[in-house]
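Next up: the structures, one after another.
Look at the two complexes coming up: chain A is in both, with chain B in one and chain C in the other.
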Partner chain A sequence: MIYEGKKKIWSEYQKEIPDDHYFYVRSCIRQNFFPASEKMFLEIVRNRLGRDFHETEHHTTCGGIAYHSDAIPQETVMTIIARQFALMTEAGYENYVASCITSFGLYTETIESWKHFPDLEAKIREHLWKTCRKEFKVPKYLAHASDIIYKYRNLIASKARYKLINVKTGKPLRVVEHIGCHYAKMFPSKGVGGAEYPYVLAGMIESWGGEIIDYPERRHCCGFGFRQYLIKANRGYSMSNTHKKFESMEPFKPDMIITNCPGCPYFLDRWQYVISELEGKTYGENGYGIPVFTYEEVAGLVLGYDPWDLGLQMHQVAVEPLLDKMGIQYDPSMKYKGNEGRDLGMPEMPHFLKCC
Partner chain B sequence: MINFGFTLSPSSRIDLDKANKPDFSRLAEIEPDILKCMACGSCAASCSTVNFGKMNLRKVILMLTRGEEKDALPLLETCVLCGKCTMVCPRGINTRHLIISISEAYKKAQKTERK
Partner chain C sequence: MGKLFDRLMQDYRFKEGLKACINCGTCTAICPAAEFYKYDPRSITDMMQSKDDEIIENLLKSETIWYCGECMSCMTRCPRKNAPGLIIMALRSLSMETGFFMESEKGRQQYAINKEMFSNILNYGYCVYPRTFTMKDHPEYGTVGEWVTENLDEIHKRVGSNLDGKGPGILRKIPQEDLDQLKAIFEETGAFRRMETMTALSLRKAEELGLSEEEYIEKIFSENEGDHFNK
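For the complex of A and B:
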């Protein structure tokens, strides 16, 4: 590609991210999958970066999981979203941050739909008033939480205690970045770098010292796909997507995977166990898997938080080989201890996938 | 092994790095027109023997470019060399001659392998 041309295209996919004062909404499934990620995000942006992030206990799911599973119609999901916007308006905020990629995609889809179909917006306003007696303003600015970490990636790097560097060899860690499909594939101009060259995670990896791996199936879906997974008979299709990605990235010997979606880290992590039980195959070094992280977890590791406070014991694939590579100090005996040292019990070990 | 109630689907991935490039390159030297094919399928649509076998020149060319000659060559077995496909080819490829060249080139390669 001609460099000037690339630069021009690139400029069309840049995003202005406001500096402060955000209304934050959590994901409905993330807290079950990787429970410390959202807590760590708020801890980093509020306490380490000193930014204003407002959260309310009254917000609900965005409805995306039911919408993409064909369980509820679009008008219902739009009314749920309108209620979230009403909560933001009541709290006096204009910048809206979603923790979930699907929520971010759905909020973008809704706002764009309302721009093209004002009658639909009026109808949703009426629905919201009838059901909740609430009114709302459309957010002035919509961001995904990974956009915020991307914006502050260099600030985080300046406060970093560890880098994405192998302390034994001194070489950068080889990192696979995986972007959730709903981040920019539906509305390329709404994501940093668009759909083909999303830079949101790549920027973080570069700033924190890692090396990005470019492999053939880099932009392939993780396989979650909602209805593919929810129906048991279709799960083979979901897993085959993940399998395709792993087969493609395996020759590049990645040290870790970073994702920015609720479903992707879960499926890239758990399917490694299922594939190992079905095929007897593992993708990491010495019988281990490739550890999969959310970007908040990686930011937390870089800033020096305790791995077990980050919830890394909830991962199926053992994270210890990566912690050793980064030179992070941790207490193995505390892995399955809860608050105040309470014993959480040891999980059953897989037959093929090596875990610590 | 655990029975999860679902399994991996067979991969549809085509690894072009594993394609049989030397034999295809040799064929393209004898019959450079094969590179002109745009896979429109006119040859397959006009084929007289299609009801009696699996002859499909479009498919054969595609499979040869992917290095799948073991599956491709048996498809040519029912060809009667009538030349109808040559008459309809929009790229002007002498498909009748191409079929003969494919058979010769790959059979020669197979004989060399056996030796």
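For the complex of A and C:
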């Protein structure tokens, strides 16, 4: 009886994720700062797993950052989203997958609002027809790209070249996972594990051999805060929140951080640099930072892709300590090389944060 | 236009965000902004329950409504399904529509955000675009960011982007026909109208201060004059 009850409660935190045939839309932030992550996502689902993920050049930003920084009205962002849905409909797809958490949260909010207020949906349909001569079906299924990697986590594990295990000690690597607020805090039933027990990244880490760290500020925001980052005068808010998380996780000695949202890895990576410049404080071992990764980058490393093909040279916090722990073979001399090995010089070394 | 509360009730986010606050303070306890700024989402939600236009007008003119980071952590934790974050979004929209945003330092910042977002979306189709993301405005991008900025085309090519290229892919050039549709959407849904009001008020303020538009934007983007922090 008790077991049945628990099963029922847990079922509310599960998410049925379709296996194939998705319309894929990109993320503004991921494309700018972690471009190779999107390349890796499509490489895995299309070429390694043989699934159908369709992309069109005609899709645009969803407008999510502008909306959550209050720059554009709700009807504007909803009509942009309706246009994206129309592109999906025109391409003959019903499953929609977004590379961005802000987008995923906003698509969810939009679809839920339309359910509560059908007059709003009708108004948006009218706006779309008037401006673009387009019509759309609401996606049958909405996924975030991490849901897909979560679904295929065991398949990826079965093809793995490396594990999240320290090759010197044989012990699992200790991993901090950071979900990103808009994944499930607004609509818990839409995320794997909900808002209370988010399992989308934890599932990947367990499947690939690592160990999840539970620390006090595990669910705290990275500090993006939209206008609190976009305006230089407000950035103390953003950095203070990241600082709070690092102070909280530091005693647990994480080997790495894996992130869900495109923005979070940027802030968790760059604010480590700024904190080190301001206070001389670093959070990793021997003067290094704690390396921060997107889930696509971690999947790519596990599958044996070259770290520099994965774009890890674009991180400020050096990733080499983690690569060495995993026993990954890489060529340090190729880190800062351009296309076809062209010499691009090297970034300057920070004052305190040790980099390679 | 009617009373301020009635105007808020026309906003779907306000209707979704305000149910019945029991003043438990859970939202404030979990709020990243409340720890950093003089900010208390509990009291804002409670004030809305008063439906008092004078209170609402003061809020629309205040620094307070601009402190939230819209992380929506409050929405998860509220035992009565209120969403102070959604209420804030409705208040900010009304503050911009009424021009009351000009009364606060944090409100006036909105002009700089809108300028950047409108330009990136309408010219390129992205909220963030690498050729407009500068080291001057983003020193936190770090030494690696500087290296990326200096070698932008080469590095994006190296990692597989299609920066400003034809067809699909990472940071592709979004076709003009699609940008034209975004522009039409902005026109139809009131984004330009709101921006025009904001521009007129912001340029008048710049003139008062004896600043050019560029100098005014630099000021609201970079400076904090008020005491905003929760000490």
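Following the convention adopted for this analysis, the second predicted complex is superposed on the first by the 348 of 356 C-alpha atoms of A that agree within 3 Å, B and C clash if a C-alpha of one lies under 4 Å from a C-alpha of the other, contacts with A are read in each partner's own complex, and residues count from 1 in each chain.
In this section, contacts are C-beta pairs under 8 Å (C-beta built on N, C-alpha and C of every residue); 3 or more make two chains touch, one makes a residue touch a chain.
Predicted model, so just to flag it, every value in this text is computed and none were measured.
In the overlay built on the shared chain, the residue A:Arg125 is in contact with neither chain B nor chain C.
In the superposition on chain A, A:Ala36 contacts chain C only, with no contact to chain B. Of the two partner chains placed around the shared chain by superposition, neither chain B nor chain C is touched by A:Lys354. When the two complexes are overlaid on their common chain A, residue A:Ala233 makes contact with chain B and with chain C alike.
More chain A residues lie in contact with C than with the other chain of the pair chain B and chain C.
In the superposition on chain A, A:Gly311 contacts chain C only, with no contact to chain B.
Contact with neither chain B nor chain C is seen for A:Arg48 once the two complexes are overlaid on the shared chain.
Within the superposed three-chain model, A:Leu278 lies in touch with chain B and out of touch with chain C [touch as defined at top]. Chain A residues 232-237, 239-240, 244, 274 lie at the interface with chain B in one structure and with chain C in the other. For chain C in complex with chain A, the residues that touch the partner chain are 11-13, 16, 32-33, 35-37, 66, 69-73, 75-76, 83, 89, 92-93, 96, 106, 109-110, 112-114, 116-118, 120-121, 125-130, 133, 137, 140-148, 150-151, 154-161, 166-172, 174-175, 177-179, 181-182, 184-191, 194, 220-224. On the side of chain A, the complex with chain B involves touching residues 232-237, 239-240, 243-244, 247, 274-275, 277-280, 351. Interface residues of chain B facing chain A in the complex, by the touch rule stated above, are 1-2, 4-9, 11, 13. Chain A contributes residues 26, 28-29, 31-32, 35-36, 38-39, 55-58, 60-61, 63-66, 68-76, 79-80, 83, 105, 113, 116-117, 120, 127-128, 130-132, 181-182, 185-186, 188, 195, 219-221, 223-228, 230-237, 239-241, 244, 270-271, 273-274, 308-311, 313-316, 336-339, 342, 344-350, 355 to its touches with chain C in the complex.
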